[in-house]
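The chains carry the letters A, B, C and D, assigned in the order they are written, with residues numbered from 1 in each.
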Amino acid sequence: MSDAPALPVLILLGTAILAPLVSLLLRRSARALAVAAVAAAASISAVNLVRVLGRGTLHTHMAGWPPPIGIEYVLDPLAAFVAAVINSIVLIVLVHARLSVDAEIPDRSRHVSFYALVLLMLCGFNGIVATGDFFNLYVWLEISSLSLYGLVAAGDRRSPVAAFRYLIMGTIGATFYLLGLGFLFVMTGSLNMADLAAILPHVWREPPVVVGLVLMVAGMSIKMALFPLHGWLPDAYTTAPSSASALIAPTGTKVGAYVLIRLLFFVFGAEFAARTLPVTSVIGWLAAAAVIYGSVMAMAQKELKRMLAFSSVAQVGYIGIGIGLASPLGLIGAVLHVLNHACMKALLFLVAGSFRLKLGHSRIDRFNAAVRRQMPWTTAAFAAGALSMVGVPPLAGFFSKWYLALGAVRASNWIFLAVILVSSLLNAVYFFRVLERLYMGKTGGPGKQEGPAGEAVEDGPRDGEAAASMLVPVLLLAAALLVIGLLNAVVVKQVIMKMIPQGMM
Amino acid sequence: MTQMTHAAGFSSLAPLLAVLISLAAVPLILASARRPNLREFWTLAASFLKFGLVFSLLPHVLAGREATVVLLEIAPGIRLALRADPFAVFFALVASGLWILTSFFSIGYVRGLDDKRQTRYFASFAVCLSATMGVAFASNLLTFIVFYEILTVATYPLVIHKETPVAIRAGRKYLAYTLTAGVFLVAATVVTYQAAGTLDFRAGGIPGLADVSGGTLRALFFLFMAGVGVKAAIMPLHGWLPTAMAAPTPVSALLHAVAVVKSGVFGVVRVVGFVFGPALMKGLGLNGVLAVFAAVSIIAASLIAFRQDNLKLRLAYSTVGHLSYIVLGSALLSTGALTGSVLHLAFHATLKITLFFCAGAIYVNLHRENISDLDGIGRVMPWTMGAFATAAIGLSGVPPLNGFVSKWWLGWGAVEAGNVLPLAVLALSGLLNAGYLLPIVRRAFLRPGKGLDGKGEASPFMVVPLILAAVVSLLFGLVPNLFFRFHDLARAVAAAILGGEGR
Amino acid sequence: MREFDSDDIVILVSRTLSPFIMLFALYVVFHGHYSPGGGFQGGTMLAAAVILIRLAAGSELAHLQFPRELGTPLGAAGVFIYFGTGLATMLGGGRFLDYAFLPLAGTAPALRSLGILLVEVGVGLAVLGILTAIFDDLLEGSGE
Amino acid sequence: MKTLDFFVGHYAYWFVVALLVLGLYGMMVKRNLVKKLIGMTIFQVAVIIFYIASAVKREATIPIADKAIGTADASLYINPLQHTLMLTAIVVGVATAGVAYALLIIIFRRYNTLHEPELMEAMKREEEEDGDE
């Protein structure tokens, strides 16, 4: 299939458009459509990943126009990997989403648009990952962002305000990116990534190029919520519907990170980004700050989703540190952490969703042993995810830290090493705080009260373990953490090693 | 899930099985939560099987053949691998052997208190043992870390078993100490990997480290010590151990006298002998530093032990002291000292477990924890207190008990190393040991007791194991090489560390 | 809504204007592929024509001309025409939107011209539908 | 003199810079959400103008094939690419604005204010209600 790289995008886009039309005829079809489309996209991107690893980078020229005139879609190992991760995670989350969405978005007529937005968001992500053209990337970026705003706004009473903040910040980011791209375009006359990579070395000491790079990096840092530009994230993740935050948290920031990696290491090249103009080291230090700040803030939170949101800020920091190291080991750590964190955060947010559905709240101070007795498996999965976040081997979380630590030592950057290691202690503090409550919290009242305002948790079974459709994805992810942890060498050697660009060695 | 390499025939799988067997028992234990007898049967079956497997490795190591299992590659260039060298087998034998006794004892204990959470208790116990085996057999630092961390996490439920506020606080403290230690260990490992390019333990030290600057190596060594020293309870890193006595007595007995703390000192010896190696240690004068820390811990811990009225706390501090014996021995780096420290790893285990068993029996039977309440219990619980007395004498290092043997070698090693100070330390601490343990015996037998009418011995489930433990201690005192050739193993380890491989 | 005083003159003027605007809009749409103009601009004009009536005559009347329920589906349909064209070319064996492969009779240039025309029409409908929908949604419920 | 040329010659860019600053100011400083939104739109428009300005050529006409000029010399037409790009950017901007206004309407219906301090106040009150419910 010559269009393979673009295929997931097209499928998702088509379904997103079809969903409203179809659901005019048969109600309730939206979710089925969405799951089917995402499943298709996930399987295609998996196949693509295999093909890319086997046969090398895939290209397709939109409408048959060759680049640099036409828009080119490129799947190199990095893109294929990220696409595969995002699509499969979203698939898992969508399976879990049904009950939670029914409960948290009482107005059934809005479900159609919810699922359509999910499809659009994922379509945008796939576009960002697959495209070989920077302006096209901007368009996809905005498509995904707009649907993200919509998804966030579908949450509880306060969500629209969070969504609006997110929108303002996100637009600033995107516009910065566009402005920077303008500078590059003026200097090089091209928007195609490969083309730019070829032209830039001749002009990259020109001030406009430098300004352009800085602006683009700043813009994407906002999108990936790199400290101190993370302001929009906690409120957005907290107030969004649980399944929406479980969709956004693992994927959204990762895409931003992907664009940064693409821009810095594949277009400008590590040589330039790290030595000539030390953008990466700035990113690295901000990320280190993010790790500490996020973890510390997470300790202070009383609400599970909010805690997870701040821990996301910290986890993005890990990826940032990997980028900041600008070395193969750093890249390995960053990319592996994209995978690990996607699994962990999806798992944790899904559990938070199950709690919200079952208990009507996800407030840490209200957890107690009754919760565990009521839903032992879900809680066990949460424990697995927490341990992985803390970085207990052989769970996945340990190994991304392992590679990052190796990279930090090789760069003999002891502060990064300290940050990476200390942060896992901080994680331990705030996760064991929750686990302690879940396993030994004195069972005062029953484990369930009515939920916060704006949530109708009445419908859906209230007692007993979560329904299979919510339990299976959670357990699946928990198992994935162990498997990835044990087989991370395979991932690293078979996949990530292949995506280390020339000139980084 | 993994590709095995059948390097040395069947026996190469034995270490892996030894690790997995108790792990395999966990689901069975959980499944049979409703039927206690079946559940305990699984535990016992697992413990016996495990012991058998480890024992089957003994002849190989004595013949100088080291069984190895290479599991999957856990990170590029680093394999998750198990290797049954003499030291590993030695430690594994001690741990798995004493697990059998502890299992019996635990049954008596938890049933005696008809505890609510027995299933979780036995399950976590099994996991801990698996992790301990893993620590013992780990053939490189990363594997070591993996099991070390698992051990940390798996012990947590046991520490907070009672779920009282005290226990929960103890659990927090325990995690705070051990997780931090784990972080230091990871840091040290990362640095080592960068410096040496390999993480495989190598008797006599990892060669690649030789050409690293002294400063880095010193820093590295302290990172390592911070990592393994916590579980080894070297002062000032011992704080968690007394607090962790909030755990049920069998847990204190096996984990805080054998498995956990011993995997700490095991780690110390591994680092000293198999990562740095004698040459580097002496070259950088690190062994001196270590020895000082150890000596201070020995004396200080013994002194503190005097002030404890709670029996378990006193035993805990005595454990701190005796762990430092082993550290001291490894720091002296002479044949005798190493032999002594390795032997002490086993012999202190048998003695201390006896004492903890006694404490447990007393607690279950009379619900007494404080030494001041123990007057006259020797009359109602003669067997128990007899065992207690035996072990107490042994810990003070009096012949013919095994405590004497290891201590003798330690002292001899000190002389070998041409250093008399350790000798003095050992002698003094011997006196102190006698000083804080024997009075308990005197109270028990010579003082008149109150409110003991109609009380008898604890259930045989508990008494038999503790008597067995005492007897074993005595036998080893008479014939150190009995059954397990502990003595030869220890010599082999010492020779390996000091003289490179073999010999 | 805010109570609406409809002014006869305004209604008259806008009623007369609206069809011409639409006509010109269609012209723009259909010229998109070889002169200034195209779906976006034309669609916007169409929407302007519709919204003009809404402003002049108020929602109740205006919805006789263009019911608000039509907005979103029309938009989706428009995008789908665009998307369907692309799909058709793929079915025709080409790349997405590679008009030369439209499964119709005709030379490649003719097909290209036809394809882009289809796309322009789709885009035009989409813009019309969506802009009107946005206008309606923003207006809806203000006041009451 | 030269500096004057520099300033005058790049007037379009100074204009862009001014707009950018204006937009950022609006987004950051203004307390009213609608004003923030207006600032955002100005910000986007500034970038659009920047692109368009970069497309201009001296003595060049709009990029539509003209028989009289012919297509031999591209320098006689201004660069069409920026215009097409910005067409897309405009659409994106419109969509963003649409979503933003929709959000604002929801917010206004729920809290009856778009003034940020009051909004914070109202939300804080809700927070507390949730807290002790």
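Methods note: a residue touches a chain if its C-beta (ideal position, glycine included) is under 8 Å from a C-beta of that chain, and two chains touch if they have at least 3 such contacts.
Because the structure is a prediction, the values reported are computed rather than measured.
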{"item": "Contact-graph separation of chain B and chain C, given in steps at minimum", "value": "2"}
{"item": "Joint neighbours of chain D and chain B, given as chain labels", "value": "A"}
{"item": "Relative to chain A, chain with the most remote C-alpha centre", "value": "B"}
{"item": "Cα-centroid distance, chain A relative to chain B, in whole angstrom", "value": "44"}
{"item": "Centroid spacing, where centroids are CA-atom means, of chain A and chain D in whole angstrom", "value": "27"}
{"item": "Computed distance of Cα centres, chain C from chain A, in Å", "value": "36"}
{"item": "Centre-to-centre distance between chain D and chain C (centres being mean Cα positions), rounded to whole Å", "value": "24"}
{"item": "Per-residue overlap in chain B, given as positions that touch at least 2 other chains", "value": "none"}
{"item": "Shared interface positions of chain D, touching two or more other chains", "value": "none"}
{"item": "Multi-chain contact sites of chain C, meaning residues that touch two or more partners", "value": "none"}
{"item": "Overall pattern in which the protein chains touch one another (line/ring/star/complete/other)", "value": "other"}
{"item": "Inter-chain touch pairs (all)", "value": "A-B, A-C, A-D, C-D"}
{"item": "In the complex with chain A, residue positions of chain D that touch it", "value": "20, 24, 27, 33, 36-37, 40, 43-44, 47, 50-51, 54, 82, 85, 88-89, 92, 95-96, 99-100, 103-104, 106-107, 110, 119, 123, 126, 129-130, 133"}
{"item": "Residue ranges of chain D touching chain C (in the complex, touch as defined)", "value": "62, 64, 87, 91, 98, 101-102, 105, 109"}
{"item": "Chain B contact footprint on chain A (complex, rising order)", "value": "387, 390, 392-394, 398-399, 401-403, 405-406, 409-410, 417, 421-422, 424-425, 428, 432, 436, 440, 486-490, 492-493, 497"}
{"item": "Parts of chain A lying in touch with chain D, wherever the complex brings them together", "value": "135, 138-139, 142, 146, 149-150, 153, 157-158, 160-161, 163-164, 167-168, 171-172, 175, 178-179, 182, 185-186, 449-450, 452-453"}
{"item": "Chain D contact footprint on chain C (complex, rising order)", "value": "35-36, 40, 130, 134, 137-138, 141-142"}
